[in-house]
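What follows is a set of structures for review.
You will see two complexes here that share chain A, one where it goes with chain B and one where it goes with chain C.
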Partner chain A sequence: MKTIAVIFGGRSAEHDVSIITAHIPIIDSLQAAGGFDIWPVYITKVGDWYADKAMNRLAFFKQPNYEAVLKKQKKVQLSFDKGLTLVWPGLREKKVKIDVVFPSMHGTYGEDGSLMGLLRMAKVPFVGCDMASSAVAMDKAFTKQVLVAEGVPVVPFTWFTKVSWAQSKKYLLEKISTLKYPLFVKPVHLGSSIGITKVKSFAQLENAIEVALHYDDKILVEEGVEDLIEVTLPIIGNYELTLASVERPLNKTEFFDFKDKYLSGGKGGGVNSEYSEIPANIDAELLKQVQDLGRKTYKTLGCCGIARVDFLINSATKKIFVNEVNTLPGSLYQHNWKKSGLSGVKLVTKLISLAEERFAAEQQLTHTFSSEILSKVGGPKVQ
Partner chain B sequence: MNTIFLKNFLSRYSPKYVRSLVYMMQASEYHVRDFVRWYLRTLNFAQVEQRKKLVVTPKAFVFLSVGYLVLGLLYVFVVWAVLVGIVWWKYLLSLFVFLGAPIAIVITMVGLLLVSRYIQMPVEYFIVASAKEKLRMHPAHKIAVAGSFGKTSMREILKTVLGAGKKVAAPPRSYNTPLGISAFVKSLKGDEEVLIFEMGEYYPKDIKRLCAFVQPTVGVITGVNEAHLEKFKDIERTKKTIFELADYLGDKPIYVNGENELAQKNGRPTDLLYSRFGVGSWKVQKPKSDVSGTSFVLQNESSKVSVRSQLLGLHQIGPLSVAVDMAADFGLSLEAIERGISETKPFEHRLEPRTDVQGITILDDSYNGNPDGVRAVIEFLSSLRGGRRWYVTPGLVEMGKKKEDVHKEIGAHLAKAGIEKVVLVKNSVTPFIAMGLRDARYSGEVVWFDRALDAFAALPNLTVKGDIVLLQNDWPDQYA
Partner chain C sequence: MKVIVNKLAVEYADEGNGPVMLFLHGWNTDLHTFDALTAELSRDFRIARLDLPGFGGSELPKESWGVGEYSIFVKDFCEKLDITPVALLGHSFGGRIAIKAVARGIFTPEKLILLGSAGVARRTVARVITTSIVAFKNFARFIPSSNFFYAKGRFFLRRLGGFYQQRESDYHAAGALKSTFLKVIAEDLSPEAKKISIPTLLIWGEDDTATPLSEGKRLRELIIGSTLKVIAGASHFVHQEKPSQVSTLVREFLRCL
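Up next is the complex of A and B:
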C-alpha cells in the first residue's frame, strides 16, 4: 500500500480553495481508488503544519472551530532522512514514511515553487510541476517573457516593479503609451482576479496601477483583446501529453465589467448561463491551434504532471494568444476531465504514476561528481 | 480483535444505547419478532442508526422515557450497592446488575410493547370495524393489489391512468396495515369512483384479513417471488398467502402477472394474464424503451391506442396494459387513457433517471430489492447504449435459503448482459454475485466497497460523461 501525503492550506489568499481541491477530487478519488494510505497534511494560514486522518473529511474544515481543534493537537514535523517522513515528536514518537506527495496548494508558498523546492530537497516523488516551471508560471511577466522567446504568441505587454514606478514613473508611462487601449493592469503573482483592472483611457491608468501595486510589488500592463473569446485547456503528462477538452468559461467576470458582459451578450447570459462550455464551440482550425499552442506552452515552461493553459482569442481576426499558465488548476479541473473521459480516480492515479516516473528519471541523472578541488585549496588564500 | 470485542461490549453502556433500541423498534415497525432478531444479530449498538434517524413520535417518546428511567434506576442501584457494600455479596450483586442492565432494558421494552399491544387491541378492533362498514357502503370500484413485488408501481400507474377520467383515491405511501387503511377510509368523502389498496403480506392470512376489510371488486396479483422469504420460510406459503386475494374475489376479475412464473402457474383459466405482449384481447405492438421513457401501441378488435409513458423498461408495459384495460372497462375515453399513460412517471427511487451536469446518468432503483425487478432492470440496463454501464448493489435481503441461488443468478445475468462495471458492497450475499459472475466468465470489472455509503461516495470519482449508473437496492439499517 502506497502512503500518499496530500499537502494543502498554506499562507496564501487561496487557502480555502486549496482545502477544497485537496478533498474534491484528490482525497475523495484516492479513497475511491482504494489501496492508498492517505495522510492529509494541512498548513495553517500562519504556517503551522498538522497531519491527522480526521482531516481526510472535508467536514472537518466545515466546523467553525476547526482551528481551535487543531491547536490542541501536536504539530507535525518533517524529516528528510532517506526520503520524506512525517514525525510527531514526543515520548510516544510516531513516524510515517511518505511514498508520494500530492501538493494541493494554490498561490503563494505552495504553487509558486516553494513547496516543490522543499520536496526536491526531501528526495520524495511529488505530483505536478517542478520548482522551476511552478516559479515561472506564478509570475505572469516571466511567463510571457519565456513564451515570447520561444515564439509563442502573447499580447503586447510591459512590466515593472513598485520601486521602478516610484523612481521612473514618467519613463514607464511613456513605455505604456506604446500599447493600445483598452489595457489590463495586473499584479503578476496573484491568482483569481484580485487587483486586476481594465483601463479604457489614460485617465484611469495611474489609479489602476496603484490598485495593482497595493497587492503586489511587480505588475504587468498588457493590451486587451477585441472580440474576445477566452478558452482554457487542462493538460497532463510528462513526455507524452494528454489533453482535456478545450473549455470556454461562460460566466468569467475576470476581464469584464457588468456593461461589457451585458453588451457582449454571452450565451444564455446572467445567472442562468452555464458555468462553461465543454468542449468549446469554436471552429476546428482554432481548436487545433489552441491544442498545438497548449502543448508548446506546456513544454516550453517545462511543465510536468498537470497544468492548465489559458488563451485569449480574437474571434474576428482568429488570432490566438496564450494568457497564462496555472500549474495547479482548482480541483484539478476534474469537471472537464470527467467530460473528456477521465474519471477522478483515473486522473489522480495517473498523476501519481507520472510523479513516480519523473522521480525515477531524475534519479538516473548524476547530480555530483568527484573533484580534487577541495584538496587543492589551501595556503593563505583560504581563511 | 479484542478491541473490537471491547468496543462492541462497551456500546451496550453508551448513552445512545436506549436510543438505538427504540430506533430498531421503530424501524422494524414494532414487530417483536423482527426486533428481537435484529437485537440478537447486532454486535455494536453505537452504529445502528445510519441511514435514517429516530423520529420521536409519542410512542417512541414513551419507550425512550421508560428506557432511560429504568436504566437510570439500575445504575443508581449499582452505585448505591458499591458505596454501602460492606458485605461481599453486595459487590457481587452490583456487578451482576451492572452486567445485566442492558439486557434488562430490552426485556422491559419488549414487555412494554406486548402490554401496549393488548391495550390497543380492542381500540383497534373498534376503529377497523367502523372503517369496514364505511367501505361496505362506499359505491366506488375497489381495486386490491397484492404480490411480493411491484405493488407500489402498480398502484401509482393505476392511480395516474384512471385518474385521467375518474376520481381516484389511494392510501398514501405504505399505509397497508389495517390501522393505516382505517385512517385513510376515515378521510374519504364518499364521491370517489375508484379506490386502490396495496395489500402488504408479512405472514399467512394477512391478505385474507385485508380482503375481508376492504372488500375489493377487482384484483391485481403482481407476482410471487422470494421477497420476504425469511418471514414466510417457504415460497409455497408466500404464494398461498398472495393468492388469498384470488380466493376472496372468486369469479370477479383478477389480473395476474404473466411474466412471473409462480403467479402464472398458479392462475386459473379465467384470470386475465398481463405481460409485455398485452392483456386480455389487447395486443402490444412496436414496444420501445430507453432512458427517456417507454412507448407502445395497444390494439384489440375495436380500439387502438398509441401510448408513451415516462416509466423505463419494457417490463412496465404489462402493468401499463392493465391500466389501459381497466380504464376502458370503467368507461374512460381513448384520449383520456393516452393522456393518463403519458402522465405515468417513475416513482421515487424506482428506476428514476437523472442526468447530472457532468453528463452522467443515474438510474436510481434503490427501492427495488426483489429478484423479478432486478432481472427486468438488468435487461433494461443492457439495452442502453452510448456509455459504460455500472451496476451498483449490496445484493438483496430476506432471501432465506434461496440466498445463494438468487444472487448467483444475478451474477450470471449481469455477465450475460455484458454490463461493463459491477460495484459490490462487501456483505454476506455479494460473494455469491461474484461467484455467479465468475462462473459465467464475466469479462468486465468488479469493484468492491466495505460499505454502501463508501460506494456512493466513490462513484462520482469513478465515472465519466456518458456513463450510466444503476443503483440497485439500498439496504435499510436492520439488514446492514
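Up next is the complex of A and C:
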C-alpha cells in the first residue's frame, strides 16, 4: 500500500480553495481508488503544520472552531532522512514514511514552487509541476517573458515593481501609454482575479495600479482583447501529453472573479461547471491552434504532471494569445476531465504514476562529480 | 471595482451621469443593498456607493471605529474618486454616517436623504439595550447555553422586541467589528441632527422594527425643515422593497439640483 501525503492550506489568499481541491477530488478519489494510505497534511494560515486522518473529511474544516481543535493537537514535523517522513515528536514518537506527495496548494508558499523546492530537498516523488516551472508560472510577467522568447503569442504588456513605481512613475506611465485601452492591471503572483482591475481610461489607471500594488510588489499592465473569447485547456503528462477538452467559461462578469470560479459551481467541488461550455464551441481551426499552443506552452515552461493553459481569443481577427498557466488548476479541473473521459479516480492515480515516472528519471541524472577544487584552495588558481 | 483609501482596499461602484449622489449602506449589508434604487436613479444621477470598511468586499478597519472615523473615511473615499456629492443618501447605519458628516461639515452636500436612519433612538432606551447586550454577552460567556439563567436572560431581552432582536443579530454577525458595533450604537446623534440645516428628506417603512417610525418622527423634529415620507407595507429595507416609490420621492426631492 502506497502512503500518500496530500499537502494543502498554507499562507495564501487561496487557502480555502486549496482545502476544497485537496478533498474534492484528490482525497475523495484516492479513497475511492483504494490501495492508498492517505495522510492529509494541513498548513494553517500562519504556517503551522498538522497531519491527522480526521482531516481526510472536508467536514472537519466546516467546523467553525476547527482552528481551535487543531491547536490542541501536536504539530507534525518533517524528516528528510532517506525520503520524507512525517514525525510527531514526544515520548511516544510516531513516524510515517511518505511514498508520494500530492501537493494541493494554490498560490503563494505552495503552488509558486516553494513547496516543490522543499520536496526536492526531501528526495520524495511529488505530483505536478516541478519547482522551476511552478515559479515561472506563478509570476505572470515571467510567464509572458519566457513565452515571448519562444515565439508563443501573448498580448502586449509591461511590468514593474512597487519600488520602481515609487521612483519612476512618469517613465512607467509613458511606457504604459504605448499600450492600447482597455488595459488590465494585475498583481503578477496572485490567482483567482484578486486585485485585478479592467481600466477603460487613463483616469482610472493610477487607482488600478495602487490596488494591484496593495496585493503584490510586482504588477503587470496588459492590453485587453477585443471581441474576446476566453478558453482554457487542462493538460496532463510528462513527455507524452494528454489534453482535456478546450473549455469556455461563460462567465457573466467582465472577467472570471473569485466567486465565479469557486463559489458558483454547485456540485463537483466548486469550480464553476454550470457556466462552462465543454467542449468550447469554436471553429476547428481555432481549436487546433489552441491545442498546439497549449502543448507548446506546457513544454516551454517545463510543466509536468498537470497544468492548465488559459487563452484569450479575438473572435473577429481569430488571433489567439496565451494568457497564463496554472500549475495546480482548482479542483484539478475534474469536471472537464470527467467530460473528456477521465474519471477522478483515473486522474489522481495517473498523476501519481506520472510523479513516480519523473522522480525515477530524475534519479538517473548524475548530480555530483569528482573535482580537485578543494585540494587547490589556497593554491595559485583559487584565492 | 476596488480603490485604495487610507491603505484599505475598498470595493465600490460608480455609475450613471449627472449630479453626484453618494449612497451609504446599513450595518451588515453592502453596496448591493442599493442595486434596485441605483437602477432607478442612475439615469439622472451619477451614483457612487462603496462597501464601508469591514463590510462586503472592503477590508476591515485596522482598529475599532466610531461613526466619526467612518464619516472621515467616506470623505477620503470621495476625494480619492475626485467627486463632490451634491446629495448624500444613507440607510440605517449609513444614515448615522451621513448625519455626523453633514453636522460636522465633513461633507457639505446641498441635500440629505435618510432612509430608516439609525442614531436617534431615545437615549434611555438605547442605553438600556446597549448596556444589556454588553453585560449579557459578557455574563453569558461563562454560562452554558442550556443554563436556566441564559434562557431567562434571552427571554427578557427578546421582550424588548424587534429592536433588540435586530441589535442582537447585528452584534452576533459583527465578528471582527464587534467593538466597532458597540462604539457605533452607543453614540446618540440627536445633538448632531439638530445642527443640520440643509433640506433633508426622511423616508421610512411603516413597518420598520429595527429603527421604528417613532425615530423617523424624532428626526423630523430634530432637523428643522425636514420632511418625513412614510411608505406603507415596507420595513427597514424600504429601498429594496419599494425601490420605485423611494426613487420617485428622491427624484422629486432633488428636482432642482
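Everything below uses one rule, namely that the second predicted complex is superposed on the first by the 356 of 383 C-alpha atoms of A that agree within 3 Å, B and C clash if a C-alpha of one lies under 4 Å from a C-alpha of the other, contacts with A are read in each partner's own complex, and residues count from 1 in each chain.
We take it that a residue touches a chain if its C-beta (ideal position, glycine included) is under 8 Å from a C-beta of that chain, and two chains touch if they have at least 3 such contacts.
Note that the coordinates shown come from a computational prediction; the quantities given were computed from them, not determined experimentally.
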Task: Fit or clash - chain C, chain B, common chain A - done: fit
TODO: Decide which partner touches more residues of chain A, taking chain B and chain C as the two options.
DONE: B
Open item on the list: Contacts for A:197 in the overlay, against chain B (first) and chain C (second): which applies, first, second, both or neither?
Closed with: second
- [ ] Based on the superposed arrangement, let me know which partner A:339 touches: chain B (first), chain C (second), both, or neither?
- [x] first
TODO: Please indicate which partner A:172 is in contact with in the superposed arrangement: first for chain B, second for chain C, both, or neither.
DONE: neither
Open item on the list: With both complexes overlaid on chain A, does A:31 touch chain B (first), chain C (second), both or neither?
Closed with: first
Open item on the list: Please compute the chain B to chain A to chain C angle from C-alpha centroids in the superposed arrangement, rounded to the nearest 10 degrees.
Closed with: 80
Task: First (chain B), second (chain C), both or neither touched by A:214 - done: second
TODO: Could you say whether A:243 touches chain B, chain C, both of them, or neither, answering first, second, both or neither?
DONE: neither
Task: Least C-alpha distance (whole Å) that remains between chain C and chain B when both complexes are overlaid - done: 20
TODO: List the residues of chain A that touch chain B in one complex and chain C in the other.
DONE: none
TODO: Note which residues of chain A are touching chain C in the complex, please.
DONE: 195, 197, 207, 210-211, 214-215
- [ ] Mind listing the chain A positions that touch chain B in their complex?
- [x] 25, 28-29, 31-33, 275, 335, 337-345
Task: Residues of chain C touching chain A in the complex - done: 1-4, 7, 9, 80
TODO: Over in the complex, which chain B residues touch chain A? Could you list them?
DONE: 357-360, 454, 457-466
